[in-house]
Structures are given as structure tokens and as C-alpha cells.
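Notes to accompany the following structure.
Letters are used for the chains, namely A, B and C, taken in the order the chains are written, and counting of residues starts over at 1 for each.
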């Protein structure tokens, strides 16, 4: 009895103490970055109080981390003195998308975030996506873009500010030159050679190809598209413009290639649950010889002198890597602003600042940007030069299927089935059967 | 006969080892988190379960720099203790009212409140989430506190109901003669008598709320309102991602308070938990 | 005395706060839930009533049945494998020397007080296919061919998550059983031993029948706990690969929040409530002889 009494009273005292401290600290900001003045002031906004802007960005992608550390954090206070920015790490890949979708439904969207066209439709439908057109026209930010029209969505309005470097994002296959030499593997020219090279690498004890598969991410973002494209570019272009469906034999063949990669052991074990970070770690720690990833990782990977890349190899003579490539850019990619933000004006300023920081970073890596930064171009890394020489010369660039053709339901279902495909226990025929109905109910093109 | 005895000994020995191994597996997380937190990023992959070969001491400061542990911890404490205190107060009052007071609908109310045992909190997540949004309490601690309390009431009330029924009516009669009114006698005489039952509920509620995941995941979206369970998951997928050393450090920091409480109050927690099963 | 216990104002004061909260946050939400389940609703606005169309869609979807099968499998495993193991552990504890018993008791509840996030993360590390503990052990003892991609193999993903769940609570359940065993008067055993019954026989004949109350309690807690399995799934597999490890609660969350179909999400929830009612009824009807009071 007395034992219980003691336990309970201890708990009670502890609680009340904690409750007291809790009351005392509720005014403070969660991030711990609050300045003393902000922590003590009342929530009521007064004219000289800083506007609080919550920003969520991708945090597992090395380019974004670099932008944050080198271009945003050192400059933001001087550039935006009347704003207090709180950064919330958003993760990456499927986690980022799911988190944003939940935030949208629960009304917890940050003031500014890095969005893309998978995210935009549900957010727009909820009335949470701010039309930036009047703001960027008024302060002439839009004039800094070399092609302002590229920012405009289907309805002619601007919803996202990007550095314009997005159009230079395309998937490639990175590889370690020394690991290829050690295993006696040549750069594959065809898809069959790629599969064979993977088998050789596997027999030498390496992981052949790393790529993040959690939530079906790589399948969604580029793997499916490129596996179709390398066999029949036209079929892919038709799918993105809704001129064909998944019963097209070329599309099926692409799915079958994803299946083949998974089944042949070319991808890491457990790839279907592999996060963005660990997938990159597999490659950078030289456990994996190849790494299928977008070129936003190129500047970071190029720091390792043994890293080189090659475009996706051909699976038929309809495709030539010098003639066709996927491009990531879409009008809805970039920094977007919450229409229900309490400080819309300042939030737009923050979005403009962030887009400019992106531009400055990508420009410093040598990538061309659509936003005029006023800076001289930085020194070009050899790998970046190699990439630009190839990519700029490619005449046909196909828009990304995942961000230019799917509504929320289709995207969720495609990710689920795309993950399935990576397990090697799921056939492309099954995929078509399971996905066909969902695809036909797609509302994106309506 | 001797062979049989030997056989029995062997079986007994085997069972002993089995229990010990299983027991060790239960405390393995402690070792695992601690050893991880001193490993470098690459050793997290090359030597995931052994002792660190090279001791790295920077993981803690790195993790604390990026991980809002104090906020999450404070939030968890507020949700847990707030729920416990209010549930115990109003739950015990209702139980008392149902078991001791004379009113027409007490049986009906008893059945009504038992409904809460059948409805899991997960099932009403969607309407709850919309309600909390409409009530405008989503961006405050009440957004989670009120549903937590409401969903804790059933088991608390029913257990205390059984407890109150076992008490003799003479308790209040004596108080009545002394001139206490019902409120005074409840707080001065009845409450102290049921302390053991309250302590049991306290432990049961703590375990439930401290680890609650689905509702907190949806409703406490804002970073500054997140409890530890959610904050930690967010750290795994947003910051720690590929670095198991950082993940280990964040896990250890987050679990330390619970571990300390568990080590100090182990026996009491056990007693309270088991009391819940036997007390009817 | 009657005035004391029959004080109307006091009844109100004592009963009202709890009843108000309970009604507002437990019972009331069922009504909007039912209403939303009849609409085409995206979480922000309704596109109008659609009758039972959401229910038909949900009942016709393969994923819903997959999630149902998964959930019921976890429940069945927890009843027919998890509980017997806990009970056996309790009997073993009872038969062991005090020092081992003390150690086991001290360790048993630890996983249950750990955060589910930590527990799930540890099991992720156990199951990791290339450097994870299980595959490493299998390879070391020469059973490398049994190594699996535990969390991404559609045949093992769900079971792997369930094992993590069971591990977290098996010690606690064993402890509950053990306490029940301790409360059985010694005289019963003495009588049995005089009759020449061995330990195993005594356990079956005396201990288990007398444990009924505790069994009931643990049964209810773990059944409802596994019915509502969500957190472990969310952290370890996100329901994958595909929908192989989705539980009903996960399916509900996925439909509402990831597909923005709140109408179908709530319809799933309503169907789940019915299942919970049926299961509670079954337990009450067949296991608990008298009314259950927790």
C-alpha cells in the first residue's frame, strides 16, 4: 500500500513540476533556433516582429544539403532581415512525398516547400497552392528568368519557382571505373550487356547496381520510364501524353525489363525497402559498382575521381542514347507557397530567395540555369562537362512520366506496384493487370 | 532410473539456457543502441552488432544538434502525464458515481462506457482528425490530449468500478457522521483507499500513451507538437537515414529517460502491471 | 445516507466530465464517420452522397481483402502461437531457480516500455538482407541458402513484422501469466502431488484451468492489439512489398491520406468496427464464461 502511495505521489510531483516547466517553455520555438526576442514576445504580431516562415525541403539529396549549408544558411539573414525562417527536414524519396500528402490533408503544410507535380495536384485541389503570378510579376522576379513561360502551368499561372536547372536532371548510370576494371567489365552498350555485366560483378562479390526502391521510388521516378524508352522512345512519349496505355507491347516490354533486373540479382538484396541514403551509401562506399540515379547527385559524386557515368544502354535500335533522354523539369517543380500562410508576402520572398540559392548552387557546379544570378559561371568539373556535352546535344527529351501524367490515386498505386516489381516476385503481366483499371480512371488529363 | 534423471537434468538445463537467452534478447536493444551510438557511419554497416572497433564520440553532439530531443521529450511528458492525471481524476469520479451513488441510469451508463473497450482508437482516426481540425485545437496539446483521455476512460473506469464495489459502505457512513459532504469524503477518504488501483492505472496508461503512434502520427503533424515516437521516426527518415551511428545516438538519448525509470521502478511497474490482470 | 448517495447534483458533478469527453471523442466521431463513408469525400470537400458505393468499392477491392487476411493472420498467430508461448514461459519461470526468475522478470517488460520506433528500427537491422543479424547467423552456421530478404519478400514480410510485435509483448504477457500462477494456492498442488501427478500433468490439470481470468485478460488485450496493428507496419515495411504486409488500419490510412479518398477510408473503418464487434462478441461468447470486466 505505502509502496503504491509513494509511486503515485512521486509521479504526481514529477508531473506537476514538468507541467510547470512546460508552461514556461511553450512560447519557445521547437527548433531551438528562436532568437531571445522571439521567444519572449507575445504571439500577437507587432510591426517590428519578424514573420515566422516554416520551410520544408528535401534533406537526403546531397545537392539540396549543399545548397542549404553553403548558399542558404550563410546568406538568408542578410537577405531577408524581417523574416525568421524555420527549416524542417523533409527526408527524401517516397518518405518526402507521403509526408507532404499527410501534411496537406491535415492542414500542417509548411509556408514554403520544395514541390513537384506529383505533389501539386492534391495540394492545389485543397486550395493550398498559392498562385504566385501577381507576386512575382509585381516585384519583377519573373523577369530574371530567361524563359518566363516555362514556369507557367497548364492554366497559365505560376505555382512554383525553380532555378531552371530541373530540365538538366536526367537519370544516368554512375559506376566506379576501378571496380569495373577489377571485375573486367566494359561499359555496357546494350541492355543485355548491362544484365551480363551485373552478373559478372555479382560473381566477383560486388553489389552490381544500387538504387533506392523504398516505396517504389526509383521505379516511379525513372527506372520504368527508361526501361520503356530504351526499347521504344515513341511509346514512352505517347504514354506521357496519354496516347497509349499499359497494354502497349512496348510498355509491357519496359516493365518486363524492370522485372528482369530485379530477378537477375542486378539490384541489391532488399532493394524494395532500400532508402535513398543507404542506396547512395552502398555506391559511395564501393560496395556497389553501379548506381542508377538522377544527375542532381552528379556534382557530389564527381568528387570521387573513380566515378564516371554512362546513359541507359539500348534494348533495341529504335533507341540511341545520343538521341533520346528523359528530362525532369515541369512547371510545377520548385519552391511553392502555402496559400493559407499567415505571411504570404514574406513566404513568397523566401521562395524567391530559395530559388535563387538553387540557381547559384547549380551554376557553381557548372550546370546551366534559367535564372539570372548575375554571377560569373564557376569552374566546370570534368564530369559535369562530359554530361553537358552529351545532354545538350540530345535532340529528343521526353518529359518525366511520374510528374507529368499521374493524379494522386494513380501515383499511389503506381508506387505500390512499382515496389512490387522490384521484389522479383511479381511479374510485369501482373502489373499490367493490376494497374490497368487505375490508369484508365486517371484524372490528370481531364 | 539414473539415465532418466540425467535426461531430466539435461532438459532442465536446456530450458534454463532458453530462458536466459530469451531474457537477454529482451535487454539486447539496450546494448545495441549503446554500441551503435559510438560507431562511425561505415562501421554501422561493416560491424552492425559487435562492439565498436573504433570509438566515435561525436554522434551524440551531432544528433542533438539536428534532433529536437528536448522538445519531443517535453511533449511526450505533457501528453502522458496530462492524460494520466485527468483520466484518473474524472475516470475515478465516474467509477465512484456508477458504483456507489444511487441513480436510475447507472447500469446503462456502465454498458455505454464499456463500448470504449471495443472501439480501437485507430478506427475513428479520420473523423477525429477532422473534428480536431474543426475545433481549432489541432495546433495545441489538446489536439491529442482530449482524444487520449477519452479513449483511456473506459478501461480506467471499469477497473476502478470493480474496485469501488469491493469497498464497504461503512467508509462513507463514518464520514457522513463526521459531517463531511460527498466531495470531501471522496477526496479525503475514498481516493487514498484506492491509491493502489490508481497506481496500477497510472502505469498502464503510461505505457499506452507514451508509445501511442497512429493518432500522434496524424494529428501532431507540427514538429513542435510531436511526441518522441514520431520525432524519432522522422529523424530516421529525414536526417539519420544512412548513418546508423547517429540513429543509435538518437535512439539512446530518447530511450534513456524510460530506461532510468524502468531500472529504478522495475519491481513497482511489474506489480502494477500484474495487478491490472488480477484485479477484477 | 440516502441523501448522501442520491444527491442529484453530485451525480452530475461526478459523472458529467467523463461522460462528456467520452461521448465527444469516442462515440460521436462514429456519426461523422458514417456520414463521410456515404460520400465522395477528399478530406476537404464532399462531392456529394454516393450511397453505398464506397462500401461496394472497398468490398470489391482485392487489397482490402489482402489487408483483412493479413490482420486476421496476425490475430490468429497471436492467439494460437504467441499466447501459448507466453504461458509456457510463465510455467518455465515458475519452475526455475529464483535467480534466473528474477533476471527474466526484470528483463521481460523492457521491450514493452521501449518506444515502438526503437523496437521496429532494431528489427529492421535484424532483417536487413546483406548485413542483418539473421542472415549473418544463417550464413555462419552454413544455412546460407535459407537467408532471405525478410521484409521485401512477399511471403515473409508480414510474418517478420508480426514477430517483432510478438517479441515486444511476449515477456509482458508471460509475466502476467506468472503472477496468475503465483496467486493459485499451493494446497492444490500438494493434493495433486500426493496423487502422483508430475509437474507437466499438474500444470495442465491445475494451473491452466485456474488461470482462466488472466488468460481472458491477456487474450483480449493481445487480440485487440494485433487487430489494430499499424505502427510496426508503418515503420518496418510501409505495408510493402506492394500490399503484402498491409493491415486493415494501414489500408485505411493509405486510402484516406495517400490516395485522398476519405470516403473509402471511412468505409474501411466502418467495416473494421463491425469486425471488432464480431471478434469481441466471439471472445465473450466462447472464451469468457462470465461478463468481462477489465
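By definition in this document, contacts are C-beta pairs under 8 Å (C-beta built on N, C-alpha and C of every residue); 3 or more make two chains touch, one makes a residue touch a chain.
It should be emphasised that the depicted structure is a prediction, and the values quoted were computed from it without experimental measurement.
Student: With respect to inter-chain C-beta contacts, which pair, B-C or A-C, contains the greater number?
Tutor: B-C
Student: Which chain's centre, taken as the mean of its Cα atoms, is farthest from the centre of chain B?
Tutor: A
Student: With chain centres taken as the means of their Cα atoms, state the distance from chain A to chain C in Å.
Tutor: 36
Student: Distance-wise, how many Å sit between the C-alpha centres of chain B and chain C, to the nearest whole number?
Tutor: 15
Student: Would you pick out the residues of chain B that each touch at least 2 other chains?
Tutor: 45, 218
Student: Find every residue in chain A that makes contact with two or more other chains and list them.
Tutor: Those would be 102.
Student: Could you pull out the residues of chain C that touch at least 2 other chains?
Tutor: 43, 128, 256-257
Student: So in the complex, which bits of chain C are touching chain A?
Tutor: These residues of chain C touch chain A: 42-44, 128-130, 149-155, 237-243, 254, 256-261.
Student: In the complex of these two chains, what residues of chain B are touching chain C?
Tutor: Against chain C, chain B makes touches at 15-16, 18-20, 22-30, 32-33, 45-46, 48-49, 90-91, 93-94, 96-98, 100-103, 109, 112-113, 115-128, 130-131, 146-147, 149-151, 153-155, 157-159, 161-162, 172-173, 176, 182-183, 186, 207, 210-211, 213-214, 217-218, 228-230, 232-233, 236, 244, 247, 251, 254-255, 258, 262, 266, 269-270, 273-274, 276-278, 280.
Student: Which positions of chain B touch chain A when the two form their complex?
Tutor: Within the complex, chain B contacts chain A at residues 41-42, 45, 66, 68, 70-71, 74, 77-78, 81-82, 84-85, 129, 133, 138, 192, 195-196, 198-200, 202, 218-219, 221-225, 234, 237-239, 241-243, 265, 268, 271-272.
Student: What does chain C use to touch chain B in their complex?
Tutor: Residues in contact with chain B: 1-2, 4-8, 10-11, 13-15, 17-19, 21-22, 24-30, 32-33, 36, 43, 89, 92-93, 95-97, 100, 103-119, 121-122, 125, 128, 131-133, 136, 167, 171-172, 175-176, 178-180, 183, 213-214, 217-218, 220, 224, 227-228, 230-231, 234-235, 249, 252-253, 256-257, 262, 265-266, 269, 272-273, 276-277, 280, 293-294.
Student: Quick one: in the complex, what on chain A touches chain B?
Tutor: Checking each residue of chain A against chain B gives 1, 3-5, 7-8, 11-12, 14-15, 18-19, 21-22, 25, 29-32, 59-60, 88-92, 95, 102-103, 106-108, 275-278, 280-281, 285, 287.
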